[in-house]
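Note that chain A is present in both complexes that follow, paired respectively with chain B and with chain C.
Up next, the complex of A and B:
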C-alpha cells in the first residue's frame, strides 16, 4: 500500500501539481516568477556556492534526461569499462560539485544578515529537499555501482511506465537500497513543489535569448499600419508585452 | 530612411546649483518603497568625483556598454554567450555597498528615551536589515568635495590627464567643481535592452522611452551591469530590476517629468528629436574620433520636407512633428551645437545631452598669487579651471576640439550679452568672438533667451500623446473593457 502511494500515486500527484501550478503561476502571478537573486546583497560568497551548484545540477539533470530518453545509447557507451568509469566518475564529480555549492549556499544564507532578510520559509524547504536529493543521489552512486548502467535497465522502464499511465512498481518497490528509494521519492516531491518555490526560475531559463535580436522596440499601437492601411478595418495592433 | 521620434533631453550644467530637488521629486514619486530605497533614478553628482554607484564610469570594473568590434559593436560584459555563461553569478555586477546601504533614523527614541544626563539621539537603522548601523556612505557622499583624496582624485576621467595637470587642477586657488545631474539616457542603442536574457527590457517605439516589463523580468541582473551609466537598478525585495521611466504617465498627459518640472535652476529641457533608425548601427560602431559627429548625423532636420514625408509614412503623428520643430533640444543639440552626450564612448547613443559648464570664471596663479584680473574681462576658454582634457573625457570621448568649440560658443554668447546689457566691452572683440564660432548676434540672443529667460512651455515641448489614445500605448483597451485602472493588477510582492 505504501509502495503504491509512493511510487504510483505520488508521481501523478506531483506531475499534476507541477503542470497546473506552474501554468497558473506563470499566467496569473507573472510578477512572482523570478530567480529572486540575492547577488545584489552579497556577491562574493555567492560565486563559490552558486557556480558549482548550478553547473553541477545542470549537467546531472541532462545526464538523467539522456539516460531516460536514450537508455540504449548509454548502455552502448558503457560497453567498455573505461568509458563506463569516465562517465561514472564525471557524474560523481558533478554531484560533489553540486553538493559543495549547496552547502556553501546554505552557509551563506544562514550567516549573512542581509540574505537572511530575503529568505522565505519556502527557501528552507528548497534547501532541505535539494540536500536530500543530492546526498541520496551520491549515496546511490557510491553504493549501488554502476548506476549509469542499471538506470537504463531498471529505472527507465519504471519511469516510462509512469509516463504511459501504466505504472509498473514491482521492481522499484522491491529495491532494498533506502537511498535509492529516497532519491526517487524526493525527486517527485521536488517536481511537485516547483510552483510554490523559487524553482520556477529554471522553467523560464532564457534560451530564446540565443536567437532574438539584441535590440527590442515595441510599438504599442502601430500608427504606421493605420496610416498605410488601404482597408477600412483598423490598423494592426502590435502584440504588447 | 526610417524616421522615428525620440523624447530627448538637455541639461544646462552652468545653471545647475546642485540642490538635489530633482532627486527628491523622483524619489518621492517612484522609489520610496521597500527594496528601492537605495535607488536614485535621478541623482546629482559632483564632478570631479566618483559618483553613484562609486566609480560607475570605470568600465574596467563594471564592464558596461558596448565595445567596437570591427564594423559592429558587442556588449562588453554581457551578450548571448557571456550573459548565459554568467547567469548564475554575474562577476561584474555592482552590489549594495557599491551604491550605499540605505538607512533611516529611530526618531521615536527621541520621545521615548528615559530621562537621563544625555541628550537622546535618533540612531540610524538600516533599511535593509532593520538593525543599527554606522552610516558609511550615501548617494551624494562626494557632494562639493572637489580636491578630496577619496572622491575627486579618484575620478576616472582624470586618467587622461598627466600628473602635473591633475595637481594643477586641485591647487587650492583654482580648485573647482560642477554638478552632473543624471537620469536614464533612454539611449538609441541601449545596452540594457541588448543584455536582457528574458527580453523584459524594450524601447517604446512611439517616444523611445526605455522600460522594463516587470512581469517578464526574471532577475538575471544583466541590465544592471550592461548599462554603462548604472541606471538600471535591482530591487532586492521584489527580485525585479527597475529604472527611470521618464515619468511616462506624466508625459502622456502632457506634463514634464517630475525631475524636470521641479528643477529649481531650470537647467532642464525636454523635446522631441526625429532620428533615422537606419543609421543607428553604423553610428554605434563609428571610430572614437567620429562618435559624436556620427550620433549627431542620426538626428534629422524636422523642417526638411523629405524628413516630414518619411516621418508621416512611418506613422509619426503630425503633432509630434510640430513638437520636433519647436523642440528646445533640437536647437541646443543640432542648430546651436552647444550640447554634447555624456560618455559617447560607451556607444549606447544616449539621448540626454549636456551643455558643459563655462563657469567658474578663469583666473591664473602666478608666483603663488591668485590673479583674477586679466587683460580682457574673461580669459580664453583654454585657461578654464577644469582642463579641456577632463571635459572631453566626459562629453566627447576625449576629443578636446569638440568641447573647446562648445565652450567658445558659450563664451561668444556671454561676450555678446555683456555688450548688450553692460556695454563695457570692446565691440570689435565681441564681433571677433562671434565670428570665430560663426554665430550671428541674433542667434546669440536666441541662445541667451532659451538659456536664461525661457518659460515653462519653451523648456518642455512635450509631444501630445493624444490623451484619448495614451492608454493604448500600454494595452489594448478592448482587452480590458469594463475594468478600471491599469498597471499592477496584483500586489508587487516578492515571489517564493
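Up next, the complex of A and C:
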C-alpha cells in the first residue's frame, strides 16, 4: 500500500502540482518567477558555492534525462568496462561537485547577515530537499554502483510506465537499497514543490543568451567633460565610489 | 411543481439488473481463465527455482506440498516468506535455512493466480508420486566441462563487451564477481562469486536466467530474454568463477571514490580558470562596508 502511494500516486500528484502550479505562478505572479538572486548582497562565497553546485546539477540532470530517453544508447556506451568506468567516475565527480557547492551555499546562507535577511522558510525547504537528493544520489552511486547501467535497465521502464499511465511498481518496490528509494521519492517531492520555491527559475533560464548577438554598451558622454564640468545638469562624478 | 431531475427508480432498477449479469459474467470469465492457467503461471513465476517432482533446484521440490501444508500457511509463505519467518514460524525458518538462506521473492500476483498454482501443483504431485524419482543430491554441472572459449564468451557477456543478443543489460550492471581482469561489478543485487554452488549448480542458474523471478530482474529482461547458448556460457563462467575464488584478485572497489575526488578537483580547477577574470567583489562593496561601519 505504501509502495503504491509512494511510487504510483506521488509521481502523478507531483507532476500535476508542478504543471498547474508553474503555469499559475507564471500567469499570475510572473515577476516572482526568478532565482531571487542574492549576488548583489554577497558574491564571493556565492561563486564557489553556485558554480560547482550548478555545473554538478546541470550535468547530472541531463545524465538522468538521457538515461530516461535513450536507455539503449547508455547501455551501448557502457558495453566496454572502460567506458562504464569513465561515465560513472565523471558522474560521481559531478555529484561531489554539486554536494560541495550546496554545502558552501548552505553555510553562506546561515552565516552571512545580508543573505539571512532575504532568506525565507521555503529556502530552507529547498536546501533540505536538495541535500537529501544529492546525498542519497551519491550513496546510491557508491553503494549500489553502476547505476548508469541499471537505471537504463529497470528504472527507465518504471518511469516510462508512469508517463504512459500504467505504473509498474513491482521492480522499484522490490529494491532493497533504502537510499535508492529515498532518491526516487525525494525527486518526485522536488518536482512537486517547484512552483512554490525559487526552483522555478530553471524554467525561465535565459537560454537565448547562448546564441543571441552580443551587445556593447556605450556611454554617450565624455567622462573627462563630466569630471571638470561645473554645470549641475551634467552631473558630477560621485566622490564616494 | 414538477421535479425535472428526480431519478426514476424503476429505470435505475432496470439498468442495475441489466448490468449485473454482464459485469458478473466478465468477472467470472476473468477468474475462469486464470483458473485454467495454473501451469502457465507456475512456469512464468515459479519454475526458475522450483520443480514439481524431479528434485530440488534453488528452492524445494514442491511435489506434495499442498497436502503437507495448509493453504493458509502456503499463502502466507508465497506472499512474503520473510514476513512469515519474522512472525516466528519455526517451519518457515527451518526451510529458509535449509535452502542456504536464499530469500524467496514476495509474490504480488492475484490470489486467484496463486490458488491456480496450488491446484496445478496438487494435480502434478499425484502424477509425480507414482513415478517417485530418487534425485541425486549432488548438483549436476555440465558446465564444468565447458571449453575455455565458452567461459571467455561467458565472461564477455557478463561484463558487457559482448552484448546480449536480445538487448538485455549486461550482468555487471547489478552483480559483482571477484575474477582477475574483471572490473568491480554492480552492487544493486547479490554478489555472484559463489552463486554457482549457492544456487545448487547449473540448474539454479539456468532456471533464474531462463525466467528471472526477482522483480527488478524480470523488468530488466522483459522482452529481452537471454538465449540458451548465452545462458550456457554465463553458467560456465559463473562455475569457473566459483571454482577459482581462492586464486582471484578482485580489483579495487575504491576506484569510484578516488576517481570521483580526482574529478572534483579537475572541475574546481576548470571553474577557477574559466572564470578567472570575474569581478571578485560585489558591485557595491564599498558602499556596504561604509554603511556597516556607520551603524
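Criterion: the second predicted complex is superposed on the first by the 208 of 241 C-alpha atoms of A that agree within 3 Å, B and C clash if a C-alpha of one lies under 4 Å from a C-alpha of the other, contacts with A are read in each partner's own complex, and residues count from 1 in each chain.
By definition in this document, contacts are C-beta pairs under 8 Å (C-beta built on N, C-alpha and C of every residue); 3 or more make two chains touch, one makes a residue touch a chain.
In this text, all values refer to a predicted model and were calculated from it rather than measured experimentally.
Of the two partner chains placed by superposition, only chain C is touched by A:96; chain B is not.
Touch criterion met: A:51 reaches chain B and chain C at once. Of the two partner chains, chain C is the only one touched by A:72; chain B is not. With both structures placed on the common chain, the touch criterion links A:106 to neither chain B nor chain C. When the two structures are aligned on the shared chain, A:145 is found in touch with chain C, with no touch to chain B.
When the two structures are aligned on the shared chain, A:153 is found in touch with chain C, with no touch to chain B.
Look at A:131: by the touch rule set out above, it reaches neither chain B nor chain C. Contact with chain B, but none with chain C, is seen for A:216 once the two complexes are overlaid on the shared chain. When the shared chain is aligned, no partner comes close enough to touch A:15: not chain B, not chain C. Overlap of the chain B and chain C interfaces on chain A: residues 39-43, 47, 51, 55, 114, 240-241. Considering their complex, residues 39-44, 47, 51-52, 55-56, 72, 75-76, 78-81, 84-85, 88-90, 92-97, 100, 114, 141-147, 149-150, 152-154, 157-158, 168, 170-175, 177, 180, 240-241 of chain A touch chain C. Residue ranges of chain C in contact with chain A, taken from their complex: 105-106, 108, 159-161, 163, 167-170, 172-174, 182-188, 214-220, 222, 255-257, 259-264, 266-268, 271, 275, 278-284, 286-288, 290.
Contact residues on chain A toward chain B in their complex (touch as defined above): 28-43, 46-47, 50-51, 53-55, 113-114, 116-118, 120, 122, 196-198, 200-201, 204, 206, 208-210, 212, 214-228, 237, 240-241. Across the interface of their complex, chain A is touched by residues 75, 79-80, 83-84, 87-91, 93, 95-96, 128-131, 189-190, 193-194, 196-199, 201-206, 213-221, 224, 234, 236-240, 312-317, 469, 472-476, 488, 490, 492-496 of chain B.
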